[in-house]
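The two complexes that follow have chain A in common; it is paired with chain B in the first and with chain C in the second.
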Partner chain A sequence: MTSSHDDRPIIETLGLSRDFTLREGPLLRRRRRTVSAVRDVTLTVRPGEIVGYLGPNGAGKSSTMKMLTGILTPTAGRVRVAGLEPSRERTRLAARIGVVFGQRTTLWWDLPLRDSLELTRHMYRIPAADHARRLAELTDLLDLGPFLATPVRQLSLGQRMRGDLTAALLHGPELLVLDEPTIGLDVVSKAAIRAFLLRLNAEEGTTILLTTHDLGDVERLCRRVVVIDRGTLAYDGDLAGLRASVPAPRVLVVDLAAPAPPVEVPGGTCVRVEGPRQWLELSDNPAAVIAEITRRHGVADLTLREPDIEHVVAALYRGAVPSAD
Partner chain B sequence: MRVHRAVFARGLRRHSAYRVATLSGLLTNSVFGVINAMVLLALFAARPEINGYDARDAVTQVFVAQALLAVVAVMGPPLDLEERIRDGAVATDLLRPVPLQSWWLADDLGRAVYQLVFRAVPTFAVGALVFDLRLPDDPLRWVAVLTSFALAAVVAFGLRYLYALAGFWLTDTRGVWAVAGLLGPVAAGALLPLTLFPPAVADVLRLLPWASMVQVPAEVLLGKESLPGGTAAGGPALQVLWAAALLALGALVTSRATRRVVVQGG
Partner chain C sequence: MAEPLRTRAPWPLRIYVRLAWTWCRALAQYPASLVLLTVFVSLGALAEMGAVVIVFGHAGELAGFGVAEGLLVYGLSATAFGCADMLMGSVERLGQHIRTGAFDTMLIRPVPPLVLLATDQFTPRRLGKIVPAAAVLVLALVRCDIDWTPARALMLPVLLVSSIALCCAVWTASACIQFVATDARQAANSLTYGGQALTEYPLAVYGREVVRSATFVLPLAFVSWQPALFLLGRPDPTGLPDALRLAPPVAALLMCAVAALCWRAGLRRYRSTGS
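For the complex of A and B:
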């Protein structure tokens, strides 16, 4: 959308770090301990990218997000978002970006959704005609029509999330920051939101940075994945590269016609048995293994599971990160 | 700004949903006002004048205090902001392109205006029906009174906003309210007119911001010469100073809080 910024990074951090001081122990013998939540994170995001920011709970994802949006001041390092220094220019930055925290809402709980969306017009000083046009577009894309007049407290989680997304997008931000945007949503709502985000990115070039624990979010949305572990960057690249960097086998789930001892086939190792159902980790071509199993056993059903991103990420931490501080 | 007007209107609308609370509050204010007035009448029966107040002045101030109690919320409730700081929802407040303090000021003034119309006016009317209150004849003084009431609400916000911000450091502000909710009404002149304190104590309390919430508006209504400059205009002038000082301090503390302190929750 904004052609003048096209080549400059929209997010740029250099050696970004944040420490927290904890006070521990009984009142009289309280000790201070410094914990480093984010350590030396250097990251560049260019306009138009969709970046997934992954890591287990406590890895430093939220702290990074807070520093990028200006509600947490870095202990060390540099951070620029949309050319601004977030913690110093927080309110100015807020006018340029959209932020949705999946577990919190910016909407007015006790008023109809429409009222909160109307407020954004004044909040971001959007010309009335632009606001009306954009609201009509978003209402259409996110199917808000049926509940625009409903008080927010009566909305379902999926409806509320669509409302929050709309509120974050009415001013046409260059960057959308999403913290677990699909948490707690059902499959249909998740799919709707993912499709919407892809379209937003494709049609308007909105840059999207999201944290998630949801494999589907990452696989559908993220061309680039950044993994943070214990405060430091553990991986930055595409999803295929992440998979390749860690040997995480595919798993074949076999439902046999009747319970049987663990299946032994070349190229597959049985890792779990539960009644007639068995799990085999594959080290070889699945087609060959499947052919072999169906030849030897009565098979009721088969499912091939890709390694899910949580396991890839977990394996990455175990393998790639030095064990001691 | 338009956004503040919208936030103000929403504060007003939100409180108008609590009709039962308004009615029961009105009852409480009236009953306490009557009891408080009878006690003071008994006191003034023994001494017709104390430090420039007579019985009628004292009873009038009792009903100013009862009327303003809900407007200035000197004994609570805290701002909603306080709970939002505790549970981390303040993060979404900070992500708006609007300063935190002016947003909550607009919201709280909406609440205050609702309380002024539906709690303060009826409570004062009850007082005027039951007792012989001292009311100004001069319409200009009524303007001063309304101005003073409005400024009382701003000063009250300034103080409650600072109590709320303490939550950034303390994580729990119940201790703040335990002290402020007890000493605040005394220093405001809501429990007893400050005039009844020894003059040296009263002179100090009068200059503190709490006095701007009840004592100063009451004296403006009564037209007392004990106000700064000895005129009714001196009261609002002092209130403006306190409002400005508290809001400036609030802005300063806000920027320190958001710079140094952690927003709770993931």
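For the complex of A and C:
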């Protein structure tokens, strides 16, 4: 069940590229245009890592994921996952990795969750005793007990996600690939899933590769972040490095006691005013700015907002920083 | 290593049965709907059969075929297509699965994706088509003037299996068009349902070009026409060699090979969706 802790990379790509040919225009004067979705991506992931794979929509995240899982055949370059070539050995690879698409379920809509999981056992040809033990473990960790007998169509999104995770993990994969695993979930469900993933990684050494738009996921889970933009790798390193490399200011949201003209304080620039509420971009120590504002104005409430990952990533692909490899 | 080839060979079949059974259990959640749909499907099949009887009743004979022989051709065709529809009919939703991304979820399983696709929404209501068709076939076999030599009796199941395999292959191959154009379900249907309509009547009623292309291009002639000629022991009124009637298993194997090639080629060039 635990993956081998040798130093051989579990994911290895070299110059991985994927082009799509689009046909455009009216039928008779149709032109072909080649778009490269992924260009020259070289990436190595070692067993036991948790890697966040970020990028705006259409940057090539999904295409990369699909090449790693064998759904798409690369146009150029090399890719090895768990020592296999995904597109050629897709079925063998499938038995060794787990994949969860946050937006679609692989469970049987009309069947109780338990039956869907039983079917998974047959698809992965897991011995009955192993299955029972593993299911008991996962039921305990993900708290599936209350809804194992409920048809999947009646599950909440968070419950279904836990079900999908279980289905992807019953065969004890070495690598778990998650495509937006917390999309649409409430805070409690998100926290539960993040805690579970951390535990899975720590206790079983399962390597986790996830795409997400959720900063919380990245901060809580990912020791390493890979950013892809317009098909090419824009950043590969830790989250602090990513933050430091991009001048994305923190924002102070101030609720004044009464509406006022834009606040002017050293170290803060007012960027938005809405009644008594104002947004200030900070270029300095927030403590000094907060002290100055509270000295000058009656303040009802204050919130400090970290730059969200979308901003950092957006700044990154506007070409603000060189890749910090 | 403890598991020899013996258990590996039927694996796709075993998982097929397991998945189909699971879909049936899911359907059992809505029993009234299942029963009603099955009844409607049988009514449709009965109407088709009625059309055959009426056509032959009015014409008396078509290309030397009377009502009983006509029903034999119809019975062979409808049974084969009905079984193929139940076993592989779901492949025609390939384009829809590609568009919604559901096909991607089939590709991440350690199960042949064709099995997952074919069993998707497997429904026993298609028995509503098979049971009347098989009843007609049995009736026609009894009513027709067939010289039941041991060879004919032994060949009957072989012919049936070949016909079903041929139809399954036609379904699969035409579904593969949807790898190229995801909205080509109608084009595929012109081959599958259109092909079925073609095979429901003795092929001799059609023109020479239709007969030739249904024999040598898309070998639908081997679904019902050539098997019927074999069972009835008649010379081929279209003038093609009589040896062809022994060829249904060969045609079925060839068509299965073509379908397998189409499927593999389609998977290789599969582009998935944007998300």
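Everything that follows uses one rule, which is that the second predicted complex is superposed on the first by the 314 of 325 C-alpha atoms of A that agree within 3 Å, B and C clash if a C-alpha of one lies under 4 Å from a C-alpha of the other, contacts with A are read in each partner's own complex, and residues count from 1 in each chain.
The definition used in the following text is that a contact is a pair of C-beta atoms (placed from the backbone, for glycine too) under 8 Å apart; a residue touches a chain by one contact, two chains touch by 3 or more.
Since the structure is predicted, the reported quantities are computational estimates derived from the model, not experimental observations.
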{"item": "Clash-or-fit label for the pair chain B, chain C on chain A", "value": "clash"}
{"item": "First (chain B), second (chain C), both or neither touched by A:Pro151", "value": "second"}
{"item": "Residues of chain A contacting chain B in one complex and chain C in the other", "value": "20, 62, 66, 69-73, 87, 90-92, 94-95, 99, 101, 103-104, 106, 108, 110-111, 115, 119, 122-124"}
{"item": "Sites on chain A touched by chain B in the complex", "value": "20, 57, 62, 66, 69-73, 87, 90-92, 94-95, 99, 101, 103-106, 108, 110-111, 115, 118-119, 122-124"}
{"item": "Residues of chain C touching chain A in the complex", "value": "15, 18-19, 22, 25-27, 29, 100-102, 104-105, 107-112, 268-272, 274-275"}
{"item": "Of chain B, residues touching chain A in the complex", "value": "1-3, 5-7, 10, 13-14, 17, 88-89, 91-92, 94-99, 258-260, 262-263, 266"}
{"item": "Touching residues (chain side chain A, partner chain C) in the complex", "value": "20, 58, 62-63, 66, 69-73, 87, 90-92, 94-95, 97, 99, 101, 103-104, 106, 108-111, 115, 119, 122-125, 151"}
